[in-house]
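You will see two complexes here that share subunit A, one where it goes with subunit B and one where it goes with subunit C.
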Partner chain A sequence: MEWYLKLQTLIESNNISWKFLLPEYVLLLFFLLGLVIDLFVKHSKLLPILMLAGLAVSGYFTFLQISIPNQNQQLFNGMLLLNNKTIIFKLLLTLVSFIFLLYSLTDQRVKQRRIAEYFYLVPLFLIALNMLCMSSHLISIYMSLEMVSLFSYGYVALAINEKRNAEAAMKYILFGLLASALLLYGISLLYGFSGTLLLLDPNFLAAFAKAPMPIIALSLTLILAGFLFKIAAVPFHFYAPDVYQGTSATTLVLLSIAPKIAGYAMFANFLSCFSFQIFNQQLFWPMYNWETTLSVIASVTIILGSFVAISQTNIKRLMAYAGIAQSGFLLMGLIGYTAIGLVALLNYLFAYVLMTSAAFMLISYFEQQHEAFDLADYKGLVRKSPMAAILLVIVFASLIGLPPFIGFTGKFLLFSASYQAYLSSANPSVLFTIFTAAIGSIISLFYYFKIVRNMFMREETWVKVSSEEQGVLYFLVLPIVIAIIYFGILPSGIIAYIQSLIA
Partner chain B sequence: MNITIGHFLMISAALFAIGFYAALRRRNIILVLIGIELMVNAAVINLVAFANVNKNGNTQDGKLMALFAIVLSAAAIALALAIVVKVYQHFKTINPDEIEEFKN
Partner chain C sequence: MNWLSILIFLPIAAALVLLLMPKGAAKVFRPVAITIGVVQTIIAGILYVKYLSNPQGYQFVERYDWINLNLGTFGRLNIDYFLAVDGLSLGLLLLSAFVMTIAAIASSEIQKDPKAYYTLFLLLSAAIMGVFCALDFFLFYVFYELMLLPMYFLIGMWGGPNREYAAIKFFLYTLFGSIFMLLVMIGLYFSVIDPITGEHTFNMLYMMDAANYTKDSYFSIFSSDALLFNYPVRFLGFIVLFIAFAIKIPTIPLHTWLPDAHVEAPTPVSIILAGVLLKIGGYGIIRICYGIFPEAAIYFSYWIGLIGVLSIIYGAFIALASTDLKRMIAYSSISHMGFVILGIASLTSEGVNGAIFQMISHGVLSTMLFYLVGVIYQRVHDREIAAFRGLAQPMPRYTMFVVIAFFASLGLPGLSGFIGEAFTLIGAFKSASVNALLPRGFAILAAVGILIGAAYFLWTLQRMFFGAARFKGAEEWNLKLKDLTATEYVVLIPLALITIFLGVFPSLLFDASNNTINAWVHETWIHGIANLKSMQSLLKF
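So, the complex of A and B:
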């Protein structure tokens, strides 16, 4: 009789949970629609527009979830966790997928090859990303992490330039599988001494206090390997430059942002089980202090990404190393795991979506219009496309963190959040991270403005005649750049909004 | 002789080490993939062994996780093999060290 009652509560929880996945159902429905319609209707614009509609509807339903009264809603017996924090992550992911689809409508290379998978896999990818944001059980974390990774490998392999794509996909998948195998082994050890895979289970943390410290340190390090791979942080960053160089810039609008956002969401979920009070207590945590670990990783990531980016000659390799440095900045939001840190992280992720998507759209534009792949190809480009060049300067200035743009307020908030974490714990490694981040910001001025100098100061070395298609600049990149400036000048609205949702 | 949890852990640790070595040696993509499979299998052995020992915790979790891990790693390996075929078409080799198009 007892097991029957237990089973009934399990089923009850499942029955309640279904209705919270409405945005994901919408995405699934539109994916299936796209699959069927692609068989019968050979029209190049219909499929992407349908997918855009699907993303918009799903984003609307995600937005409606904000008003759910019961915060920290546990779905499917703790497999998934829905709260305002995850909803913001989901909205950011929907935004970046929307921008990606809208932009790939204009990509000539996608149009010529008519790759239907390119479009109708986006909703499915977004489902996987949403699940990763919500997962609060090690099974669901591992499962959705693998799903996201499989889609990423597939997107890299979907060819535009076949030979380079094959190499990039090979490096990506070998490295990714290695990282996920390490993660799985770490999870199995963690399960061994905690006896549960549910992060929210009170036994999970209680078992930690009793278990031998070396094993805890080993298993958490292995788990960290899988997480650091997803957010492209040192020492699991090797794949990023090769993958970026071998992938078209259009695909990178999605791939350089979306897995990273979901990775941070998952990381925040994982850290949230080590609740606020005991987070930094040395007594409980003699061998594995998250604050020290994360700040060391963040500072090494920033330093390595910034210094290696200086010597790059290929624009996408440069952006890859710059992205690694940005990852380090984002990690600063998680160091103290304070409420202000989370607000700073979410705010900077919003800025990151705007800045990086605009940067890759412009790089893709230069690729298509002027066949510019190396930094040398950017010489004198301001005379050929002044509009795009000026937009790129604004985006780079924001990525560096110069004052009137959104990148400045984002970085400022991250700095103040980590300084607060330092004040509350007096951990010298946090202070060290703040210093390295300041140095990293200054160095980023060099490598971003190397491109700007090439565009404005240098004479063009060769002439390629091409018809300019400026439509995409005005309809898509310009609004994003205006948003970058607007939220840079008036940042309080968005920060207060995020704060009101999380508190 | 009694077979205890320690024996399972030793076997899985040995498998993991062998797999990790094979994956890092990078002679041949197929061998790397086999090494990664060995690492996943080591984790699966761990999960099932712990699920049978753990009396106070949730014993179903480990077995469930083992099943998911097997299925997902099979799916990932299938995709990896498809990419290997594509790589071979372009480079006529599957030695990762010889596949170096990108130069800084």
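So, the complex of A and C:
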């Protein structure tokens, strides 16, 4: 009878768990609605609006979860973990998806091709991303990671310029398969040693102490691979430039941000099973020091992304390498795995959502209005679209980290967090990362302002006549840019809010 | 009244108003900018007079919480909106407001995109005022960086043929300095404790007191392991900050952005650059480098003095060899700012007072010189020295102002340049006997720099202005080279008067700065020596 009791508690705990997935049910419901509508009404104008409503409702329910008193809610026997940290990640993801859907409505190319999937896959994609944020079991991590990848491939292929996107999608898939195979190998090794897949299981970590160190180091490195692929960090960054170039800038509003956020969420969850003491203890981890590993990866990512970005001539390739460098910056928040580091990471992710989505919306705008794909096409664009050009300058200044924009406070917190990590561990590699991040910021000025220079200081080389549609700039990009300035001058509110949630 | 906040936010408000105006209203943009400049000058003037009645310490203090966050284990993040001025910054504040007014008047040559130009101009003005008023390091940094973006566009969009290169070079150089300044700033923040609240602070005044550093923090004087790469961390911090400001001043070997920026920038932007922006470097060294790291300042004073002397001589020699009038004046700026460094390095009351006087005097003189170059460039679009001969024939009144500006710059007694150079030299010379920081040879070498300065100014005067009139553009130029217009008189007469006035009554400036500087020199010396002793015994270097 014992097994029966066990089963019963299992079922009961599952029954309790279901109600915490309300935001995901809403998304699923709206996805199904979209599917059905598309069956009966072709090219429904209602569909995108409905999806937007779905995201809003789901976001609202996610927001309500903040007030759930019981922190670290373990769902489905530890498969998923719901706490305020993951809720912030989920909210950020909902925000990106919302901005993306809203902007897609204005994309002429999406309108012409009339692909309903483009809209109703967003809720499904968001489910996968949310799951990845909440995963606290190696199997659920793997499964949601694959799900996110699957939709990412799909979006690359769904994008608009047909010539390149098949190739881009193929590259994405091949690299993705490699990364997930490595991840799976790492997971299986860990399982072999610990006998559990549950990150929060105390046996999980205890088993590491007994296992041979080189193998543990190897398996942790393999797991790292899956994560680095998601955030496009060195050495798993190769796909990014090709994928970015091959897809439309509109898709990149989603694809350059959402998988990254989910990747950071997943990795933060994974790291949370190592308590802070163990995290940096050289004695217990003679072979594997997270701080050193992450510092080195962050440094190399920043340096490589920055330097390669300089020589790019295609704007999306440039943004891809710039995004790689930004990933390195974000990694600085995880280096010490301190509370302030997490605040800095979440704050910068929020900044990143605003800045990068605005940047890609403007790039997409230039693509549509002026067929500008290469840096050379940006010459003299301020004469044709002064508003968009000025907005892009502000976004770039923020991405570089100049005050008084949100990027500055974001980078300032990241620097402070890494500095504090250095103070507590005196690990020289952390100092090296701070140094490279400073250098990376200077270089980023150089490549971002190549575009600015072309827009403002060069004469246009050719004239492309197009009807100027400025509506999207005013109703979507301008508010985001105002937010970039507002949170740059008065950052207290948002940082204090994040801090109060994860404290 | 929050006078300092008004000084800072008045131009921002004006910039917002300008942005909302229609393009057709382009004619009012320049008057608006001039009016704002005049109002700022009047406010700064009132503050100056008020300060003179009791020239002690920091006045017109404004202090509010700006960012105040509880970050759990990290402690509180405390950033104040903290403004105040003393004898050091007030003179520079007045100078900035005045130079910005002159630059606004000189902007008549700007035809392209007036709206963008004046908006950026006003934003730049706000940032400059903020830099001189801020006493919270974070706030200072924000204003310091805020100058870069407007300046980049002002050079890059309205400049000469090679403007893109000059603009990005200026931007990269300054950002290189300031990003590392940010790292030192964060390090200082984690070391310094506000004695009242017990929290970390960005307050510069607290950073200047050794007692406010937590015992074993990185920048503490009393820490026995504050070494990085086997070098005292405080020395590294000083070097990083010094490099950041030395780029701004600029001194050799970090000066190479300046000639490019000056040659490419339009006249009003050159005026701002030479008249105001270079002073921020000098101000930063006095206030921040020396204020926070007095022991490093004393430790490195020989090298700092040497950099100053080399800048004086190198700048003068390159100016001598320059064939472009604007480039010559740009290099003469490097030479003149070298005196500022030398005066500061001497750490004597005369030297530092002289350095501040030299900064203000150079602010006025370089404004005048660049404006004078602009006058002929606007007429014939050429400024090669060899292209002109006997300019005094068609433009006698113009030549008169050039003579005043040149003689003032080369240090003729009775004009402002003399006082600044003389006092810094006295300070440098005295240093050997007072505090033994600089050898006497530095003063002598700097005097040689004055001699070379006299050579290139007089030689240029002879080549360009005297003799029979003969121009590269022949008859066509003869017609174009008309004497000064009314607007040009309006700009040049006050500048010339100030130069003469300051030369005859230098006490006008010294009265305001003297108390502050005497106290500053005294404290820097006392604290520096004490800190140095403590560090030497603890770190054994």
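Following the convention adopted for this analysis, the second predicted complex is superposed on the first by the 499 of 503 C-alpha atoms of A that agree within 3 Å, B and C clash if a C-alpha of one lies under 4 Å from a C-alpha of the other, contacts with A are read in each partner's own complex, and residues count from 1 in each chain.
Keep in mind that, in the parts below, a contact is a pair of C-beta atoms (placed from the backbone, for glycine too) under 8 Å apart; a residue touches a chain by one contact, two chains touch by 3 or more.
Since this is a predicted model, take the numbers as computed values, not measurements.
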item	value
Subunit B versus subunit C as contact partner of A:F412, first or second or both or neither	second
More subunit A residues in contact [subunit B versus subunit C]	B
Subunit B versus subunit C as contact partner of A:S364, first or second or both or neither	neither
Subunit B versus subunit C as contact partner of A:T433, first or second or both or neither	neither
First (subunit B), second (subunit C), both or neither touched by A:E167	first
Partner chain(s) touched by A:T313 [first = subunit B, second = subunit C, both, neither]	first
Touched partner set for A:Y142, first subunit B, second subunit C, both or neither	first
Touched partner set for A:L402, first subunit B, second subunit C, both or neither	second
Partner chain(s) touched by A:Q65 [first = subunit B, second = subunit C, both, neither]	neither
Intersection of the subunit A residues that touch subunit B with those that touch subunit C	none
Residue ranges of subunit A in contact with subunit B within the complex	138-139, 142-143, 146, 149-150, 153-154, 157, 162-164, 166-167, 169-171, 173-174, 177-178, 180-182, 184-185, 187-189, 191-192, 194-198, 203, 207, 241-242, 245-246, 311-314, 317
Of all residues in subunit B, those that touch subunit A in their complex	12, 16, 19, 23, 29, 32-33, 36, 39-40, 42-44, 46-47, 50-51, 54, 56-58, 61-62, 64-65, 68-69, 72-73, 75-77, 79-80, 82-84, 86-87, 89-91, 96, 99-102, 104
Touch list for subunit A against partner subunit C, complex	338-340, 343, 393, 397, 402-404, 408, 412, 415-417, 419-420, 423, 431, 434-435, 438, 441-442, 445-446, 449, 453, 456-458, 490-492, 495-496, 499, 503
For the subunit C and subunit A complex, residues of the former touching the latter	67-74, 77, 141-142, 145-146, 148-149, 152-153, 156-157, 163-164, 167-168, 171-172, 175-176, 179-180, 182-183, 186-187, 189-190, 218, 228
